[in-house]
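In the two complexes below, chain A is the common chain; its partner is chain B in one and chain C in the other.
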Partner chain A sequence: MLLAFSNLLAFWPLTYLALGVALGIIVGSIPGLTASMLIALSLPLTFYMSSVDAMTLLIGMYVGGISGGLIAATLLRMPGTPASIMTTFDGFPMAQQGKGERALALGIAASIIGGLISWVFLAVLSPPLANLALRFGPWEYFTMVLMALVMLASLSQGSLVKGLIAACLGMLLAMPGIDPSIGQLRLTFGWDKLTGGLALLPVLIGTFAISQILKDVIAIDQRLAQVQVMRRAVAIKARDLVTHGPNLLRSSVIGTWVGLLPGIGGNIAAMLAYATAKSVSKEPEKFGKGHEAGVVAAETANNASIGGALIPLITMGIPGSVVEAILIGALIIHNLQPGPLLFVTNPEIAYGVIASYLVANIFMALMMLAAVGWISRLMYLPRAYLLTAILFFCVIGTFALNNRFFDVWVMLAFGVVGFALEYCKVPLGPFVIGFVLAPIAEEQLRAGMMSSEGDFLALFGRPFAATFFVISILTLCWPLYQEWRQRRRASAEVTT
Partner chain B sequence: MNKLLLGSLLAGAALALGAMPAPAEAFPDKPIRVIVGFAPGGRTDTVARLLAAKIEEKGLLPQPLVIVNMPGGGGAVGAQEVLDAEPDGHTIIHWHHQLLIAKAMEIIEAGPDDFTSIGFAGGGSPVWSVRGDLGLDTLDDVVQKLKAEPGSLVEVIGIGTIPHFVGALLAKEAGFETRKVQAASGSDRLKMIAGGNADISLFAASEYEGWKTAGQGLEAVVFFGPNRIDNLPDVPTATELGYDVVWANPNWWLAPTGTPQENIDILAAALEEAFQDEEIKAWFAENALDHYWTPGPQAHEESVELLGRLQEVAAEIR
Partner chain C sequence: MEGSRREPLADILFAVTVLALAGIVWWGTASLPPPRYEPLGSAALPRALALAMALLGLVLLGRAWAGRRLQAAPASDLGFRPRPWLAAGVLAVLVLYVASMDLRLLGFVPASILALVLIGAMLTGFDRRRLPWLAGFVVVLVIAVQLLFTRVFYIDLP
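Here is the complex of A and B:
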């Protein structure tokens, strides 16, 4: 391990790492452009680098890309990357209340702390954690996602019914494409463009960024007064660490754990951490209205998920996300087969990944602190320029995702959908959460049913799954019980 | 090859003459888009990128090959893009036998007849692997257990993908039945086995080599290639064990039907020459892939024949 650090302290690996982090932050902070796109574009370049250099570059981009997303999410309510959707829920309201700086400071602090805590897990506990994570089968995935769905169901402010409508609509729109359990097309209405379903990025960018652009364009004259310049340093006080300590720790653990589970990534880590923070909070009603704990939970967890996701990558050769599949591809091109043998055959790579992740996090925090004032000033450029530029990047990014223009039309259509939903006071949060979580819940539930030959009760034979399921049921029933108790108390008061 | 030489001579002459415009039919006159129907990082993507880089390095074509990833529907999204493109050879696809499976499952309407095969640039065969702690060391053990207690082992597959079909072909030949669970990708299947949530799955030979010590370990019981390979010398082929199941999944280069034959020939010549390079050969050996070149017409014929067999299987498993 020490050797890996000393290898890393050479000129080129550090340069590539810094370059990767910087590019990642830039790309991450632009709505529409994501870390996975940047990494896919850089893949051909890595052919010509040594494997250590290639790896440091890609890990730097990964860390930078996820972290950069918080700036646009906070200041513009446009998630810079899918992993920062949850940050929009409280970060943007904070910015509207004039606490944008504070939200950014918290977000950066949360990012680095999440990164560092997950690094400790990565460095110390990789093999046992990877083995534990693998024990998670379809039932555990299903119940965990179900738990997140139930906890977030009440996220909508205002009408619960409208929130549920939004969630169902989101779930429904995730259905077209190839049915995972029978391999047949469904809900494509014979339209072959829909064979691959609706991709996450265009839907997300459409509903959040494009709809926000539409809103801002309509209000382009009124909103100029809101411009604020960030002068004070973005600082975080020791007191904040105490106030948010439990949240930071909990969200780091949740983020690392979700990252560990292959197939689900930073956005789901943030959703679960946010949901948990809200459930254990003494003031859950504040979430979604500019509550600091919401920003902290989301940003801690999405960064922690990277460290978590690197664990199965280096111990088993299992990619947890698209980014990591590309990382593995980069290794394979260099004739390195990721897997349990990597520590034996190429320890400089295996330990190098661990070391680079730590250094990347430190670089990320330094660069974000240095650049955040500057980047946020960019966000307060005259809106006519800013919105045009963002729209331009959204179109490019969405096109580059799968190299097809269909996705751009999807994005624009969802921009209108998002705008219309907000106009009708239907919240966007549950819509997007339904869209992200429903496919995983469905696939895993059906896989679980296949393995138990259609017996749903098999769920109770598995301790983790059963626990998650019971928590879901309790979360669902708790408000009803409270209401019932209040009503009984009220009626008791009347009779006495 | 001659045509290529002639082409480059002509191009050289044109350069020498300075102002002389290039002949309109000179192919390729713009970068060639190679559609890969998967996200970057997998075998199909990597092989395409390696060959594209080799073609550029050796100057085999006057224009570069640009790899365009269009994931979705197991490659169906990318295929649609190719079929919608101008059939002039500037848009081609690098795919594999998932095309036949998608056709057999009726996910796409297009089949091998809607494409012109440029050729197979080698390919790879998978192994059927059993979880290490089950004590089932040979295919015979597995078959006997499944015959005694049908459905007693969980086979993890992607429904309507290669692992599903190869498993079904073997099950049909050997007369057994597994319990099936679905998982999206190779690493998801590994996850299920390494975590003890499934017992059997199909892996590419190179995947198996990297993953054989994960979790409880993996035991390869049968290899589906036409013959044993050096990377897995101890794993018998299905044919050796008396089951007529061979699955060699090629790196299949295709152009949309209607592409002029001379352009196909130019592409085939460049790809084949890049493919025969020693570095590429070494990479194939290292990654447990077979290194052979099958010319277009033969590739087409083999694929059509295989499709017939897959359609029979599809009728049973759909």
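Here is the complex of A and C:
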């Protein structure tokens, strides 16, 4: 770990980290642009960096992107990122009451505290968890991927059926090409260009960047409210850290724990922390009307969820959310195998991610405190220029992957697919994570079946695999049980 | 499950697409040889996924069909006029832009400048006052990116 910190504290890694955090904050503060979009678009640029520098840049973007959402949520009532939805509830009323700077200062303080506490969990839990995961065999990996996908599908907003379809669809789209186990060509329908399968980057850029731009174009006439010009910098008071201490600690733990679970992003973490803060508060009626505790709970939890989500990512190679799926893509592009072996084969990457996360949080707080007034003005950048430039980078970045137009066509097609899925209220998270995890799931399932001579029930002989499998089934059945219970209660009310 | 009640038509179309896709995948795996050296083979997972998608598609179709007569929720006031045709136009220009380079009708610089100025103009509502600024921005952007990719990253552009 010390070596990772000493590597990070060199000129280029620090520059990349600062650049990543700054870009993340800017993109996070502009409504309509998201951290996933920024990270997916930046992947082609990382080809020319060392793996450590690339991961440093992307982690910086992730932390900055989630934190930057605070500004638009507070000043415009528009969450810059989905993770900032809960911040609008109390941040915007505070801004309306002339306490915008106070809300931002509290939000920044909460973000850094949440980030630091979840970093402690990340640093302490990751190495032993990776050691444990080293003992996992194919059945454990297969059931873990299954559990991640089922949880993601059932906990995504909207319908369980649509979440499951999205996961299956994503997995299915990863199938064309050469079967990695026996080299058999499949599902290419005689089309040579599909022999290598669909590359990850065009799928990610299409699904997240192009579909988002199409949505932004549809809403191009949306006018942003003009907010009061603010001071350039804000300050955190030590007294606030004491006053909000229990809330900060509780929301950090909630955020980290929620981040650990696959499929539940920063928005759910913020929602849970907000609801908990409200339920234990002596003044619950003040929540939603510009209460400081609301901003603190939401911002602490959404930042803490990043640290939590990085734990399964670096210890087991399982993405907890869309951004982590893109980070896994970045590792694969750099010929690194995500999972517990990362600590053995490339400890500089595994510990580098942990170290980068800590320093990124510190950079984020310093940048936001020093320049929040300037950053808030970026929210009014002309959309026509911004969207045109992003579209251009989508095309160039995708082409640069393999110098072939097939990838650009795939990106455009997935842009339309992503837009259509969102229009039909099908969650994109399970779709993309299904696409990323399908090769791992298939490889591990086939290896498990070979090792058990075709006996699927052999997985019940392995405690971890059996537990993951049972959790998957329960997660799948829980929404159905809830629906059945609601119907029963409703029919009982009708009869009485 | 609320979402499926609100948008029954979109759900019906989506479910039908899912069923069609499942059918295509099943047909696509029919020609794959049976497993020889291992229990599962190349076709097993795609077929299992196609089957799962077909079942889930049928469930979605059934729910959407049952909810199709329910009155649609009134459109909420967004506070702005949505512009779906503008998005379709931008997508069309993007397709023409990529096709013009793929078919080698235009080089990278002229194709990019033409396409981006057109997209920018569409997004500004063809505002003549903003057009020179937009064109200047696009020319600088395209040339800067071309220099970056060809001189710094050593990537050949189309």
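Convention: the second predicted complex is superposed on the first by the 269 of 496 C-alpha atoms of A that agree within 3 Å, B and C clash if a C-alpha of one lies under 4 Å from a C-alpha of the other, contacts with A are read in each partner's own complex, and residues count from 1 in each chain.
In the analysis below, a residue touches a chain if its C-beta (ideal position, glycine included) is under 8 Å from a C-beta of that chain, and two chains touch if they have at least 3 such contacts.
This is a predicted model, so every value here is computed, not measured.
Look at A:A40: by the touch rule set out above, it reaches chain B but stays clear of chain C.
Of the two partner chains, chain C is the only one that A:L412 touches; chain B does not reach it.
Once the two complexes are overlaid on the shared chain, A:I326 sits against chain B while remaining clear of chain C.
When the two complexes are overlaid on their common chain A, residue A:I182 makes contact with chain B and with chain C alike.
When the two structures are aligned on the shared chain, A:P463 is found in touch with neither chain B nor chain C.
The interface of chain A with chain B overlaps its interface with chain C at residues 181-182, 184, 403, 446, 450, 453. On chain A, the positions that touch chain B within their shared complex are 40, 43-44, 47, 131, 133-138, 177-178, 180-185, 192-193, 195-197, 199, 262-263, 312, 316-319, 322, 325-330, 332-333, 335, 337-341, 402-404, 443, 446-447, 450-451, 453. Chain C contributes residues 1-4, 6-7, 10-11, 13-14, 18, 21, 25, 28-29, 32-33, 37-43, 45-46, 49-50, 52-53, 56-57, 59-60, 63, 78-84, 86-87, 90-91, 94-95, 97-98, 101-102, 112, 116, 119-120, 123-124, 130, 134, 137-138, 141-142, 145, 149, 153, 155-158 to its touches with chain A in the complex. Of all the residues in chain B, the ones that touch chain A in their complex are 39-42, 45-46, 49-50, 53, 67-74, 76-77, 80-81, 105-109, 151, 154, 158-161, 164, 179-184, 187-188, 190-192, 194-198, 206, 209-211, 213-215, 283, 286-287, 318. Chain contact summary for the complex, chain A toward chain C: residues 48, 158-162, 164-165, 168-169, 171-172, 175, 179, 181-182, 184, 186-187, 189, 213-215, 217-223, 383-385, 387-389, 391-393, 395-396, 399-400, 403, 405, 408-409, 412, 415-416, 423-426, 438, 441-442, 445-446, 449-450, 453-454, 483.
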